[in-house]
Amino acid sequence: MKTVAAQPPEAIAGETTHSVLEVAGLHVWFDAPDGRSAHAVRGVDLTVAAGERVGVLGESGCGKTTMILAAMGLLPSFASVGGSVFLDGIDVLARGEQSARAVRWTHAAMVFQGAMSAMNPVYRVGKQIADPMVVHGQRSRAQARQRTAELLELVGLPTSTARRYPHELSGGMRQRAVIAMALACEPRVLFADEPTTALDVVVQAQIGDLLAELADTLGLALVMVTHDIGMIAETSARAVVMYAGVVVEDGPTFDVLTAPRHPYTRLLLEATPVVNRNRPLVSIPGTPPRLDEPISGCAFAARCPQAFDACAVRPRLTGDSHVAACHALEQERPA
Amino acid sequence: MRLARALLHRPTIVAGIVIVMLFTVVALLAPVLEPYSVKSASGEPFAPPSATHWLGTDDAGVDMLSLVIAGAQNSMLVGFAAAFVAVLIGGTLGIFAGYKGNWGETTVTGVTDFFLVIPALPLMIVLAALFGQTIYHIVLVIGLLSWMSVTYVVRAQVHTLKERGFVGRARSLGAGDFFIVRRHILPHVAPLLVAQTVLTVASAVFFEAALAFIGLGDPARVSWGTIIENAFLHSAVSAGAWWAIVPPGICIALVVLGSFLVGQGVEEAMNPRLGSAHVSPKSFSLRRATAKDEA
Amino acid sequence: MSKRQKFILRRAGSALVIAFITITFSFVLFRALPGDAASNLSRVPNMPKEAQAALRAQFGIDKPLTTQYLLYLKELARGDLGVSFQDQQPVLDNVLRTIRNTVVMVGIGTVVAILVGTLIGVTAAYRQGSARDRVITGAAMVIYSLPVQWVGLLLLVWFAGWLPTSGMSDPYLFDAGFLETFVDRARHMILPATCVALMLFGSFALVVRSSQLEALGDDHVLTARAKGYRNRRVVWREAFRSAMLPLVTLSTLTLGWVIAGTILVESVFTWPGIGQATVQAVAARDYPLLQGIFLLVTISVVGFNFLGDVLHSVLDPRVAE
Amino acid sequence: MKSSRKAGRRMVVFTVLAALVLILAATAGCGGSSTETSGSSDSSGGDQPVYRLGTVGMGYDSLNPFVGMYAQDYAAWMLMYPNLVQYSNELQPQPDFAESWSTSEDGLTWTFTLTSGAAWTDGKPITASDAAFTINTVVKLQTGAAAALSPFVPGIETATAVDDTTLEVKLAAPSAALLANLFQLPILPEHFWAEYAKGDGAKLKTVTMDPAKETVVASGPFTIEKLDIKGTTIFKRVDTFYGPKPMITGYGFQLFTNADAAIQALKAGEIDCVYQLPPTSSDTLKTDANLQIEGFGGSMPETLLVNDSENNKKHPELQELGVRQAIDLAIDRTAMIDTVYNGFAVPGGSLLLPLYVPQFLSADVPVTGRDVAKANQLLDDLGYAKGSDGIRVADGVEMQYTLLVGAMNRAIDSRIADMLTQNLAEVGIGVEQKLVDNQVPLIMTQPKAYTDFDMTLIMWGLTPDPDWSTLISTSTMLGAYNLTGYSNPEYDKLWGQQTSEMDAAKRTAIIDQLSAKLVQDVVFHPIAYTQMVTSWNKKWQGVPEGGAPFGYYSYLNKMQFNALEVTQ
């Protein structure tokens, strides 16, 4: 039932590294009925290679969830999208819902925020895992049932879980079931939207480990959106920091967390309680900009302690493997 | 009060209130507005609408417009009075149950559940037949069987108020129950009570018409229900006298519609989740980013 | 015992309690009615005193209230609801005969109302805010607002001559085959059932729309979309499947109202059902019949509520928790 | 996508249809096949189709003669059972099952010679012992199970079957009205009813008269084919009937709960005739070329009753003749007949029907004309001056009265009440209406005799002999049908005389006196003799007066349907 893949862009076809997710110049606007429009994602480029584990970091409202929803075409009707998203070589946005449906679950799956509500309360867990396989024509019902059992074992749940209802499971079990569900159609990319909120700390760690492990064993690209820096540290090789709908920093997780280059990342890290470090918390002064008003220049300038004249122009990502969007960095560079 | 202001911003609520108010004004001014007496004939029986009788006449030659206006008076009286009774009972029980909790709540819920189960109209019929058919009895009968939903709505609201911590704070400052209810609960429940009153007015008007139709209306008073019943009894429809039956029906429908708009609006206002559907026939749209967007 | 079984048992218990309270309530209510039962029973104004006394004895009205109550319970347990004043036949026979006619007509009307209301409510919710939604919602509200007796009368006028306007069947259809009988019954059913359907459809459509809107906002609906399901499947199998729970509750809870509305519909269309029997019992002050109707209707509402609970527990696995 | 949508719709449609089919099949199955015979099976050349009647508001309560109380029931029994005598439309007694009768010198023994060779529908012969059984059972159980039939056997001590065709009835006192009383008593088959009549006869009331449940044994000209009291009851012709046979093979009697439905059914040709129509509907029915509309009878006096009993402590002034005369003068009968009855009524002068003239009365009572000035004068003369609110005060009591309006006939009565309120206001009398159900005026007089009401409106159904119409104002009927509480020893004595006066001329003279007394004392305030508005399809000829087995005319005799036939 795989649809004919759209012609992959030449840029990718020519490259040796195979990227499964190619987001280019992505914009998302939310149009309110009164004519106002919130510009939630303001030009994001993101390329994820097969098997790569990427953590997207940012405060709530920074557009990180919107970005991954856009990547699967899951935006509401009042949203407008610009730019392009290629998933496994398929142009997701080209023909709206129709093209988006071609990649869903079969090429990219998603583990949603809030395991509590991500599953339909009135269907048994097994059915919810198995149904997509049948709907996408990948397996017969019996095969799907068989595969469901395997998936449950894979995520560390007893196969009897299939016969339970979501509400009968604990939070951790439920999130495992959700992950099993996401793996059902063997996607190449797994998006995880705050997969561990509302879970207790020990379970959070387990789920994070599970995701990382699965990504490695199955060769999945994992794109995890979270505001939990610890989670990124444990699960992702690469960290992307977003602020006000743009990527402000992108690099190897270790580098980003230990040597942040963007002032926002720095402040974010300082504002975050990290267990093994004992120092006073600093909150970032000011509030994020309103997205329903045009932002010119660097969105962070208003809150940035290092802001200067150049910040009136929008900065570009600069750097080699560890990039950041800040005029201050350009100045630091030797001319 | 903030809730009240939020409610007044919704066009459906405003439209509903305007409709109900309009009929209330007509009801209040009925004696002035009636062009003819409703007790005696002022034209030929079943005379069609004309310049002298805008809505024609009924089987006895009584002016229909006057009847509809006089009907407004009694229908709205039954509506408001019964709603008042219902909201008084339902509001008191709801506040009591929500505020007291525990056994108080259990008792009230049990009683309310019981009354919810009893089919209202059959019991109203029995009671109206039992009490005798004066307008006061009709008001009582309808009011005594219409308070249940008020209880539930109010109770739920009081619960959320309690959760918001008002009550605990007030109590820690040494306020008594009565004081807390009067100063902290009532003002917050008031808009809800008003909305429930409007809703109950509609159902009371509806029930009055139903009782009248079965012949249990107050024979000494004209209401929209008795006008319809009268048209039935005198086969107005076969006589082709649509004007003798259509106007009261439309009046009832408008009042019900008006109060329903209010109810619907309040529900939408109190339940902001509505309107964020995850699926719709229309998908997201595509837009090209401009230079300004990239700036 | 599973949680669901426990839940059902508990609900059955409370339904029984409510039924018992209703039975007692009805005893008190009807013993409080004015007019000595004997003077009604005799229905002959010049009845001698001794005959009246004999009647009182026969109906146990001469005994103390507690004895009467126990007697009443005993007879009720035997399915004896007394004898109708009007035709002297057992009340139970009267009620069962008429309620059968009502159930058929109301059943069809309600099924149609639920199906149409659901279809329309779900469509409106899916297209929330569109012109179609506004038209549907507006129409549902207007229809909901119309007094049912009034609607019935208009139907009667519009369709007189096209469709039969009274009764359940053509009583003069002798020696008719099954098909002919069937067509006749169906034709008689159309107007009253349509009236019932119109009376209910509005509230069903509006309730379905609002609960469906809520369901469409549920996270698991987004999950379903992410799974690559088509919208039709998402709307019906995912969202509506949980949105139908309030519908089930409404269907069973409004049953009392259905019977209430039936009184009016049956009066308009001369349908020989429980509603018409109620009106006639009121007019003739046939207290035993009225009590029987009231009891049976109330108990059946209790029963339907219980059924609703059971259905709910089947449809929603969380309920039993 | 498209096909799946279609499939979904088809599912819904299918489900609806399946539900419809199932439910309908269930009902069709249980009702459709139970009627085994039909009118057309024994069709011969002159047979006419089933005559389909409709009525509005009041149908049967029960067709069991020991239970039913409504006028319609009597009309049905007249067509189902033998009666000793029947009445012509001119109110003359005629032979029915009794071919002839004679009275002994002392007037205490009546001997009836009965038709021979008559048979019940089950083939058993109809004999004098059936008649004797019926009379004796009712006499024996008249204060118990047979109370409903007791008005038809007053004064009878016993009945004896001398032989198969000779019946002897013994009375306690001579009665001029014996035939008028007996004519409504259906003679019941002994072999069917005897076992129910045992003991206190309580079982008599358990008979359903439903041919689907038990055998219905009747004589004809009709018997019950299908019983549905709330819907349509169908009667079929009995071909073994001993009297002249009707041409129609049967008739149906359908109860409508509202006039519009009945009118629509008539227009649509679903029924042939509707009676008891609201007078206001006549104007439109007249425009339908297929329909004939007429007002029949004029036999049911709509009457205002005033509680002038001394038990009415609240308003002793109602005992003043002047007050009652003033009320009578204030009533605008003409206006009421014009608007409320749409012309289908004639003004009433007394409770005694104009039809009794010349058989029982020498002259009709003139109608009281409206004279507001005179009425006011009468009340002024009594010293009842108007108070500030325009209501007169009688000896310290406001002349403000409660008027009971019966629910059953409220379409007409509430209108009349409205106009009465207006009329009486003009003479300074206030009226407040109170809606009650039909029995209440009767009930209220029982436990607390004549204490709880001031006025009521009532529509009387009167008998072909003035015996009953005059009886209701005697003291013996106090607490029963004597609703006004009128008590006059002189009147009582006269009534006793007429009932035992066997000479027709002498009896007429006495009834004239009774009539004069009632008028003189203003016992009743008759408003109008109302007509039964009846409409039928013009294809039918020979529609009986009244159009239907109801009310005054229709239960006079068994011949009413005999001329009925379809002409087109």
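To keep things simple, chains are lettered A, B, C and D as they appear, and every chain counts its residues starting from 1.
Everything that follows uses one rule, which is that a contact is a pair of C-beta atoms (placed from the backbone, for glycine too) under 8 Å apart; a residue touches a chain by one contact, two chains touch by 3 or more.
On a predicted model such as this, the values are computed, not experimentally measured, just so you know.
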{"item": "Centroid-based (C-alpha) most distant chain relative to chain A", "value": "D"}
{"item": "Chain pair showing more contacts of the two, B-C and A-B", "value": "B-C"}
{"item": "Identifier of the chain whose CA centre is least distant from the whole-structure CA centre", "value": "C"}
{"item": "Centre distance in Å when chain B and chain C are each reduced to the mean of their C-alpha atoms", "value": "23"}
{"item": "Centre-to-centre distance between chain C and chain A (centres being mean Cα positions), rounded to whole Å", "value": "53"}
{"item": "Inter-centroid spacing, chain D versus chain C (mean Cα positions, whole Å)", "value": "36"}
{"item": "Contacts with 2+ other chains: residues of chain A", "value": "97"}
{"item": "Contacts with 2+ other chains: residues of chain C", "value": "129, 153, 156-157, 218-219, 222, 224-225, 230-231, 267, 279, 282-283, 285"}
{"item": "Where chain B touches two or more other chains, by residue", "value": "129, 215, 232, 237, 276-278, 280-281"}
{"item": "Touching pairs - complete list by chain label", "value": "A-B, A-C, B-C, B-D, C-D"}
{"item": "Residues of chain C touching chain B in the complex", "value": "18, 21-22, 25, 29, 32-34, 125-129, 141-142, 144-150, 153, 156-157, 206, 210, 213-214, 216-219, 221-222, 224-225, 231, 234-235, 239, 253, 255-257, 259-261, 263-264, 267, 278-279, 282-283, 285, 290, 293-294, 297-298, 301-302, 305"}
{"item": "Footprint of chain A on chain B - complex, ascending", "value": "276-278, 280-289, 292-295"}
{"item": "Chain D residues touching chain C - in the complex, by the definition given at the top", "value": "1, 4-5, 8, 12, 15-16, 19-20, 23-28, 31-32, 35, 38-40, 50, 52, 61-62, 64, 67, 69, 143-144, 147-148, 150, 202, 205-206, 208, 226, 228-232, 234, 252, 254-258, 260-262, 264-265, 267-268, 270, 407-408, 437-440, 442-443, 445-447, 477, 479-481"}
{"item": "Complex contacts: residues of chain C adjacent to chain D", "value": "35-36, 39-40, 42-48, 50-51, 54, 58, 83, 86-89, 98, 100-101, 104, 107-108, 111-112, 115, 119, 153, 156-157, 160-161, 164-172, 174-176, 178, 181-182, 185-186, 189, 230, 232, 236, 266-270, 272, 276-277, 279-280, 282-285"}
{"item": "Partner chain D, residues of chain B touching it in the complex", "value": "39-41, 45-46, 59-61, 129, 132-133, 215, 218-220, 230, 232-240"}
